[in-house]
Structures are given as C-alpha cells and as structure tokens.
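Below are structures written as structure tokens.
In the two complexes that follow, subunit A is the common piece, with subunit B as its partner first and subunit C second.
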Partner chain A sequence: MDQQLSYLGVPLTRPKVAFFDFTSCEGCQLQILNNEATLLDFLNLVEIVNFREGMSEKSDNYDIAFIEGSISRPDEIKRLEAIRHNAKIVVALGSCACFGGVNQLKNRFNDLNWVKKEVYGDFPIETIEVHPLEKYVQVDLKIYGCPIKKEEVEKIVTNLVVGKSITSPEYPVCMECKANENICLFELGEPCLGPVTRAGCDAWCTNNRRGCWGCRGPADVANVRQLEEIMHKYGFSNETMLDRLECFGGFASLTKEIKKTKKPAAKRKK
Partner chain B sequence: MKLSCDVNVKHLTRVEGHGNIQIKIQDGRVKQANWEVVETPRFFEAMLVGKHWENAPYICGRICGICSIGHTLASIRAVENAFNIIPSTQTAKLRLLLKHMETLQSHILHLYFLAAPDFLGTGSVLPLAKSNPEEVQRALRLKLLANDACDIIGGRRLHPTRTVVGGFTMLPEKKQLDQIRRRLNACVPDLLAAAELFKTFTIPDFSRETEFVSLKADENYPFIGGSLISTDGVIKKEADYRQMTNEYCKKGFTSKLSKLSRKSFAVGALARLNNNFAFLHPTAQNISTELGLTPVNHNPYMCNVAQLVECVHIVFDSLSLIEDLLNSPWQEERQPVKAIKGKGVGAVEVPRGILYHYYEFDGKGKIVAADCVIPTSQNHANIHHDIQALAKQYAESGTKDQNIELLAEMLVRAYDPCISCSVH
Partner chain C sequence: MIFKVFPKKKLSLLYELLAVNTMVGPTLKGKDRNGKSLYDFDVLYTFDDLALDYTATIHSAKRFVLPYHEKLSSFDINKTDWKKHVDINVYKPLVFFGMHPCDINALNKLDMVLAGNVYPNPYYIGKRKNIFIVGLDCSPEPQCFCHSMGTDSALHGFDMFLTDLGDKYFVEVLSATAFDFLSQIKSKEPSKKDHQHYKQVNALKNKNFATNVETNDLTKILDLEFDAKAWDQWGDKCLSCGTCSNVCPTCYCYGVEENIDLDLKNANKIRSLHSCNLLDFAKVSGGHNFRPEKSTRLKYRYYHKHRGFVEAFEESLCVGCGRCGQACLADITPPEVIASVRGKE
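== the complex of A and B ==
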C-alpha cells in the first residue's frame, strides 16, 4: 500500500484525509466503506488519518476534510470552525452538509419549542435551526446526494488527488433519465423532480421507477415554474410538489417563494 | 493492590454516532461508571407531523445510514397496518430477503471492521488488510454480495428506492436472483472460515443477568412483525409495543431510554437468539453451540458471536426464500393504497434489535403523530448498567487502566450501537 503513486509519470503525494460527521445518519461515510470492490484501491490513493466510524487512531494533521451532516447545535459550530482551521480543503459530503438535508424539515414549523416538546416532552434537548455547513464556514467543494453516489465520490477524489478540475453537471436528472431510456414517471402516474434537480446521479431513483425527490438540489438551469405546470398537467397538487421540493433543503429559496402565499406548517395541538 | 483508575473516552471510535465512557475507580471502589450519549438529535417524529403518508417511509429510512432498509420496512409496515393493507406472499418474501441482506452486510461490517480489530489488537481494519489479507478479502466478499443483493431487490443498498407502501416499484429479474443464489451458495465456506476465526478470539469473561426482548417466533426465526417476547416471560402484541418499551427521558441524555421488568433490558442478535434459538437453521445452531453460545446467555460480548450465528442462519434462509421465489410466477405488483383514519405499528428486527415505527393518520392520510423506538435507545440503559457491573468486577479483581478502558470499549462495541439512530 505504500508504493509511490504517479499519474502520467508525475509522482503524486497521498493527501491526508479526515472524515467528520455532524447531525446526520452517517450514511454518506458508510457509502465510502460500502465500496467493497474498489475500497482498497481508494485507500491506496489517500492516507486516512481520521475516521471515527472506522478507526481508533486520530490526528488533527490533514489536508482534506470530508464533512457529513448539517449543523443543529452550538457546539457543532465550534467543532466545524476548528476543522475549517485545520483543513486546506473542506468538502461538504451529502445533502445534509450541502443543504441541511431532511433535518431542516423541522425548520418549517418556525417554532423550536414545539419541536422539542413534540419529541422530548418535558425534557427539552438543545437544538437550533438546522443549517448547511456554508452558513458558518467556507466550503470548497460540494458532493451532492442523499446518499452520495460512491462512484461519483471516487471520481471526485481521484481528480482532487491528481489535480484535475472538478465540475458537477449543470443539467437536470431528466437528461440522464432520458438517456437511460426510462419511461417518464409522470406517464406512470408518479410525481418527479427530475426536470429541475441537478444531474450526476445517473438518474439513480428514476431508473428504479421511483420519482426524484430532489436530494441533489436545483440544476443550474432549473425552471421550477415549468415544473409546477407539469405537476398540474398530470394532476398532482402543489402540496405533493412541495413535499418533494422541501425534503432536502436544496430548493429552500424556491419553496419559500412558492409558500409565500401559504400558511406556515400546521402543528399538532398538545 | 487496590485498583485506582480514571477512564475517560470521549467520542468512542468504531461505533456509529457519538458516545462517551467514563469510569473512575479509587482504591478498588467504583466512584463513577457511565455510558453517556451526546449525539445531536434530529427530531424526526416532529418533522413528520402534517406530512402526507407517502413521506413517512421515504423520510424515516433516512433515520439511519446502516439500517435504512430496516427503517423503511418498519415504516411501510406501520402505514400498511394503519390502512389495513396486507402484503402479498411475494412482497413479504422479497421484503424478508432484502431485510436478510441488510442484516448480513451490517453484521459483517460490525464483526470485521468495528469489532475484530479489538480481538486482533489493532486500531482499525486497515493494518489487518496487510497482516490478515485473506480475512479482509473474505469480509469484503460477503459484504459486497449482501450489498449487491440489496441493490438488486431494493434498488439501492442505502436509502432504498424500490420499497413502497403496497409492494415494490420494480421487481428484480429472476436471473439476478439466481446469481445471488449462486453467490450465497459460494459464500458458505467464507462464513465457516469466519466461525473458525472467531473460535480463536478470547471473549471476555463477564456476565450480568439481563432481560432480553425480541420478536417471538411463530414458525420461523422472526424478523418482520408478530408478537413481542422477553426472557422474563412478558408477551405482548405488536400493537401494544409501548408496554414493552416504556420509554423515558433522562436529563442530559439526548437519547430516550427503556425498561421493562427490570431497570433495563437488551435487544439485538443476542436477544433474538436467546428467545428463538430453536428456530435457527440447524447449521447455525451447531456453530452457535461450538462457539459456546446457547440460550439464555448473559454475556453481552457474546452479541458478536450471535451476529455471526445469525449470518449463517440468514444465508440458509435466503437460499430457501430465493428457491421459493424462483419457483413461483412473477407478479408485477404494487397494491393500490387507500388512506383511512387510523393508527399503525410496524415492528421489525433490524441488525441491532427490535425497531418500532408508529403513526397516527387523519382521514386524509396526513400524519397526526409519529413515534419511532430504536434498538440502540432500548439498549442504552443496559449498556450503562453493564459498564457499572464491569467496573465493579474489575475494581475488585484488579486490572490496568488500559485493560479496563479496552474492555469497556469492547463492551459498548459488542452492542453494535447506532447512536445517530437512537437520537433520531
């Protein structure tokens, strides 16, 4: 594992890599371990110095920090700032880190006291409004998805190590889905955010006949008004569309606009 | 010489999520011995309120990155129970097969990547890739097989795409199932070799009498739905799960806790095995006996062995499920769903123990209230009491700080806790 790496004859240094997690399911880190077939090759490419879920050794000396999860408690802000201070490159790993992920769904009530009481009754546990990493620190690179796609991560990390440029597709999932020759899910009676969501997942859900819920956030050219028309044409309500648009937080600014005319989320009376 | 030690493990490694261990012993007397959970909660039960039923399995699968399939299936079962939907035999078998493959990949991940390094004296699996390459390759092969099967049946190994209320959005091709069957057959020697490896491990000598809770076997070693049982003789219906879990909050602890007949109880592979040993596949039973595990076993470190025994059972049970599926005509099916006002519970044995999802719906199918009771939150109090007993045992017999720290860490790891899950 310690042999000298080279790319096109140019020797490469293995960057020191650390993994960290905040408010999340830790599934994105697990996706890295889920790469059985190529895991050992991947480990050869980088030097992992910090990965609490997988190893006991720890170090604060790292080049790249991969950070999973969103920020939902004050102590997390401090920990995040310390990581930013140590790392040359901060990578937001997955929807929670990029947009807040499903965790930000609790923000829609605009009432954290109710949220705490609903779950913990008379034992309130500290929480703040959920935000993505970039609300607090500079993020150098975002890897989208809930979960992240391991092939995409490996490609990005390889490019990072060999110094190639990294770009995300600007077009929507719909393009990839069409290229895969799937029957349009709207035709099968299933609502889908494929027309507005950033591609790069190779239409992971829609290939499996599951409508897209927008985990990768909006494509650069997202036309949400057009999506509204398609949804209505196929008989889906604004609520069905909003359930999907607000699920991961990537469309937050757009859902705010659509919701402006609507009441805040209904809570349950205790 | 009387033992004095001060163990302070902040953010224990090789477990899912954030937990701390504190043990303070002075002159052979335990001053403090705690398991502490500091993970940030996500408030899933609140998130769901006001959402349409179809959101529940999609959002709740994301409670956990390791057992997302289990959460999705428990959530689907709760919704189906509320709406009086009974899954077809084909759907039930495919779901169980999917569940088995998740359990297999999760157990292998835990046994080899999280637990084994302690027994082999390393900090992670990375040095083992050099020193024990065959063992690591074997583990990767088993995990890859299980994960590939999850992709084929559930559409994706993590946060599955095809699993929906009423059935599946898409079915695997039969030839894909046949390939899984062949790979499962081929992996039997790998599992037997794993059993041989485990025979060489020294399981710490510690036990504390514990109540074990799991699903109750009817005809098969149970994984999805049915009655609930404890080794202290409590039996309840699935719908009455709250009488089994009795959740309570504790100040400063971000996970809820549970109790039943005693001050704590345990769930997980060891609990399942203790309650339903007779229903295991004969080969699994033999391996269990060879490894010194017969019911009722009160050594929490044996949870590792129980997981290995379950892997063997799961492989044989999956082979027979695939046999049945391949011999029946394929029906493309997704039952129509009609939402009604009501309540539903879904109890599913996920890798770390019994998991419950509960929802209450209004007449339009919107969620009025939700409750998810996680295996690890049911285990937290038991882990805490185990650590206290462990500290007491070693305070009296005497050992080094490092030993007690390692033993405490191994104890927590044996439960394979999923702490993020427990503070969902």
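== the complex of A and C ==
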C-alpha cells in the first residue's frame, strides 16, 4: 500500500475513492467486495476513504465517488449535491444510479400518494418520483448493470488509474450471446431484450437461459420498433415487452414512444 | 480422385479409429419452442453424440479455427520493461466429422484471406492445418442457397467426403491419411452400380433446392443499385446486433483490444470478432463514424460478401448456408435482400 504505484516505470497516482449509496439494495457495492480473489489487487490500485458497507472510517476528501442508487427522497438530493461538490469524478454505479433502476417502477403508477399509502400505511415518509443521478447532478461515467459486473469495474478502475480510455460496448447483448453460442431464447419460447440492450455483461442472463430484462439500458442503436414486431411474431404481448423495458428505467424515452402509438398496456388501477 | 465404399455399419469403427484425437461434429443441442431439433458443432465424447442426420447448425464451425475471442499475446510487465509471449493456441489436432459442403467451402474461403494472403495469420493456419475433415453430403433445406453460390459441392479442403448411398457410404478420398484410415476399415473399390447410385443421389439433391439467388452480374447490379430504396427498408429492420456475422461461417472481421491486469503485472492483447453491422464498426479515432446509419452498414455487409470479395477473389464470400437469415430476428435474409435490390421484391 505504501509503495509507489507504477506501470512500466511511469509513476501512477492512487486515486482516493469513496462509495456511496442512495435508494438501492446496495448489491452493487457488495459486488465490489464480493470477488475476494482480486480484492487485494483492487485495494492496491485505489485508496478507499469512505465505504459504509466495507469500513468504519469516513472522509470527505476523495477524487472519485462511486454512487449506487437512485434519488427517491428530497433529502437525498442535498446529499448527492454535496458529494458532487467534493468529488472530481462522479461515477453512477449500477442500474439505479444510471436509470432509476427497479425503484423507478413506482413512477408507473399515476398516483404517488396512493403508492405511499400502500407501502408505508399510516407512517408516511416523504418520497418523490424516482430519478437517476444525472437528473440532479453531472455524472461523468456510468457503470451499467443490475448488479454491476465486478470484472467490468476492475477493468474500468485499472484503465482510470493508468490513464487508458474507458469504453462500454455500443452494441446489443445479442453480439455476446451469439459469441457464447447460446440458442436464441426466442427460439426456446422466452421473451428477451438482448437485441436492444447494451452489451458488456457477456450475456450473463441468457447464458443461463434467462431472457434479458435490459438492466444495462439501451444499446447505442436500440431498434425497439423492430423488437415490438419480433415480440408479436413470437407471440408476446406489448405488455410483456413493456414490463421488461420499464423494469430498470433505461428505456424510458423509448417506451414513451411505444405507449404513445399503442394503447398503454400496463395501466394500473388506483 | 480415389473413390471408396464401405458399409454403413463400419462408420462407428471409422469414428473410433479417428477418436484418438479430439472429435468435433454436429450434435443435438435441444428443441425449439415448436419441438424442432436444434443442432450445433461441438466436441463429441462418444459416437452417439454425433447427429449425422442434422439440419443446419445454428452456428458455423468457425470458432474452431477463428475463435470469437482469442488471446494473441500476453505480456509480463516488469518495473521498466516487458516480456512478450505469443501462443497460437494450437494444442491438439481436431477431427471434424460430418461437415457439409457449405462449411467446407467456407473454410476454403477463409483460407484465401487468412492463409493465402501476403500476411498469413499464424493463429488461423495453426488451427486449420491441424484439422482432419470428414465431409458429409446433405439434402437442401428451405433456407439453403448454396446451389446459387456454387458451394453445394466441395472440391477440396477436406480429407474424405462421405455420400450416403442407403446401406453404404461412397467416399471421395483427398488425403493419404484418409486413405490409410479407410484401409484400416477395409473399404472397397466402388462398383459401376455404386457410381450410378452416387450420380443419382447428387442429381436428386440438385433438384431439391427451394431457394435461389440470382448471382449473374450481381457485382454490377450492386453498383447500379447503390442508392436503392431497398437498403433503407432493410436498414429500418436491422437491429445492428451482429448476429448475422457471428453465425456466418466466413465473416472474419475483428477488433483488437489491449488490457492491463488489475495487479499491473501482466497485460494481454485480445482479438475479438466484430461485425460490420455494429454501430462502431467504422468509427475511427477522434470519434468520426463513416457508417452511422443502419442501412449503410447492412449494405456494406452485402457489398463485401457479393461485390468486393468477388472482385478480389473471383468468387463470393457467401456460401449460401442461410444461417444469417435463420438467426436474424428481424427476418433479413440474403435471398430476399438481393431480390429486392434487383427490384424483384
């Protein structure tokens, strides 16, 4: 830890890193701690100064803030703004931080007061519509996934430290799924968002014969119109498709378009 | 060419003799939602794994010579220096048992690019030269248009080629190794009757093609129809997902990525197959993308297969196996695309 970090004789700075969470299951942070085989190497690359899930010490002196979770309460906005003020780089960690995640499903209901009543009964908590971090502050980098893939975070952090550019695949999951020689799940009778969802997960779900739910959000080309046709061809309703497209919030702008032209399939009664 | 025949029951013996090596062949992978059998090429563990009555495999045999991801080199990083290691990733010979002519021809086409070029690819050649191929005749399926592409029979690129004559196999022998193996199972010289039968089987196969692609003047038609509306219509449907290239037996385009290990002590260079239909295929340093539209990318896939390659090698890069059309969720198939570009929708 005390030794100077270097790569090919070039000294590197060990960035001060902090982890924070907002509305989430905290599973993405757990992923960071999960891979014990590489944890020590990871800890050697960065200096963690704030990580509630992993340590007791706390500091507001950090370069990079990894933030998990979405914003669902007014007080969270203030805390988020303070983190943004302290950090040089803000990284949205996981689907909640990037798109609102599973939490934003509550936005599907027309009456948020009814939601509050259903969830909290007579002990209400002040909550607002769920939004991703970038609704309130500038986000410099997004790490996709629900949960994030540790290997991807490790690659990103390594590249950050040595000064390499950081990229996410622009293409959809199908590319990785086919390279793993899986049988297309549509052929097996299961709906899948692989054709429109950003890759980078190495087709984690479809490798295990589970259709993609789009946790990484849309690929840079996400032909949702064509997906709709595919879903119909394979006998799946718009509701089935929208349930998946809306699950993590990444497709919000694209589903609006579908709902405009089609009857809203996922109408909930109050 | 030398021809032989042997009774069908001796096929398992031939398999066992070859099986001192790693065997690869068509095998049943499951059933689709309508109960149709799905096949793919894979390593075989027993003769029973082999599904010689297979219909087109979902993926081609490409990954055995051109893996989707391949480590080209690795580096030990010292304090101020590095040591490079190159491994062409060939550890043992493979026997390919039961390859249809389209897939053999696909390897022959890959050879032109990766083995016969000014800069031959050692990773490819190492694997290709260590494969023993037992070809197998087939009957055309609805999506097959190899007939149109001139790849419905294989003239070279295999060791032996089996044609099913009912109770026996008619064998074309192309290598000394194949001849030796056939001697070991006591194969015989074919009779006049066998010759007759062989010709009948092939004549019947030729009659059974349901799909045709008109390849006459296709290179010129493609140039004339560069601005055809049809490209936009197919482009609208395209998912830009790369599935067509991944299942294609002849798509070889790739990208190279260099990664540093988390401990900063090692690094590696990985080649991954890419696809011309992916958004970033023609994106260059600085961020400019020469082909930002789906229709353009799709068009250039056809231009490479049916125009550019023909001009360079006097034959198309497509073998008419129909896999891309079968795998494409948006139902984009070469026969339909080419017909529509010709204005014959």
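Rule of thumb we're sticking to: the second predicted complex is superposed on the first by the 260 of 270 C-alpha atoms of A that agree within 3 Å, B and C clash if a C-alpha of one lies under 4 Å from a C-alpha of the other, contacts with A are read in each partner's own complex, and residues count from 1 in each chain.
The rule is short, and it goes like this: contacts are C-beta pairs under 8 Å (C-beta built on N, C-alpha and C of every residue); 3 or more make two chains touch, one makes a residue touch a chain.
Nothing here was measured: the structure is a model prediction, and the numbers come from that model.
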Have a look at subunit B and subunit C on subunit A after the superposition and call it: clash or fit.
fit
If you tally the residues of subunit A touched by each partner, is the higher count for subunit B or for subunit C?
B
Output check: A:57 vs subunit B and subunit C. Expected answer is one of first, second, both, neither. What do you get?
first
Is A:82 contacted by the first partner subunit B, the second partner subunit C, both or neither?
neither
From the CA centre of subunit A, what is the angle out to the CA centres of subunit B and subunit C, nearest 10°?
110
I'd like to know which partner A:23 touches here: subunit B for first, subunit C for second, both or neither.
first
So, does A:147 touch the first partner subunit B, the second partner subunit C, both, or neither?
first
Looking at the overlay, what does A:204 touch: subunit B (first), subunit C (second), both, or neither?
first
Considering only touches as defined above, state whether A:174 meets subunit B (first), subunit C (second), both or neither.
second
Contacts of A:220 with subunit B and subunit C, given as first, second, both or neither
second
Minimum Cα separation, subunit B versus subunit C, post-superposition (Å)?
11
In the superposed arrangement, what residues of subunit A touch both subunit B and subunit C?
none
Subunit C residues touching subunit A in their complex are 29-30, 32-33, 38, 40, 58-59, 63, 68-69, 77, 79-82, 236-243, 246-247, 259-264, 272-273, 275, 278-280, 294, 327, 329-330
Help me check something: in the complex, which residues belonging to subunit B touch subunit A?
11, 13-17, 40-47, 49-52, 54-55, 58-59, 62-66, 68, 109, 113-114, 117, 123-126, 129-130, 140-141, 143-144, 147, 155-159, 161-162, 164, 169-170, 249-251, 254, 256, 368-369, 420-421
Subunit A contacts subunit B in the complex at 1, 22-31, 33-34, 36-37, 39-40, 43, 48, 51-58, 72-73, 76, 101-103, 105-106, 109, 114-116, 118-123, 125, 127, 146-147, 190, 204-205, 207-210, 213, 239-240, 243, 247, 265-268
Mind listing the subunit A positions that touch subunit C in their complex?
5-9, 38, 41-42, 44-45, 154-155, 157-159, 162, 164, 170-172, 174-175, 178-181, 183-184, 186-189, 194-196, 219-221, 223, 225-227, 229-230, 234
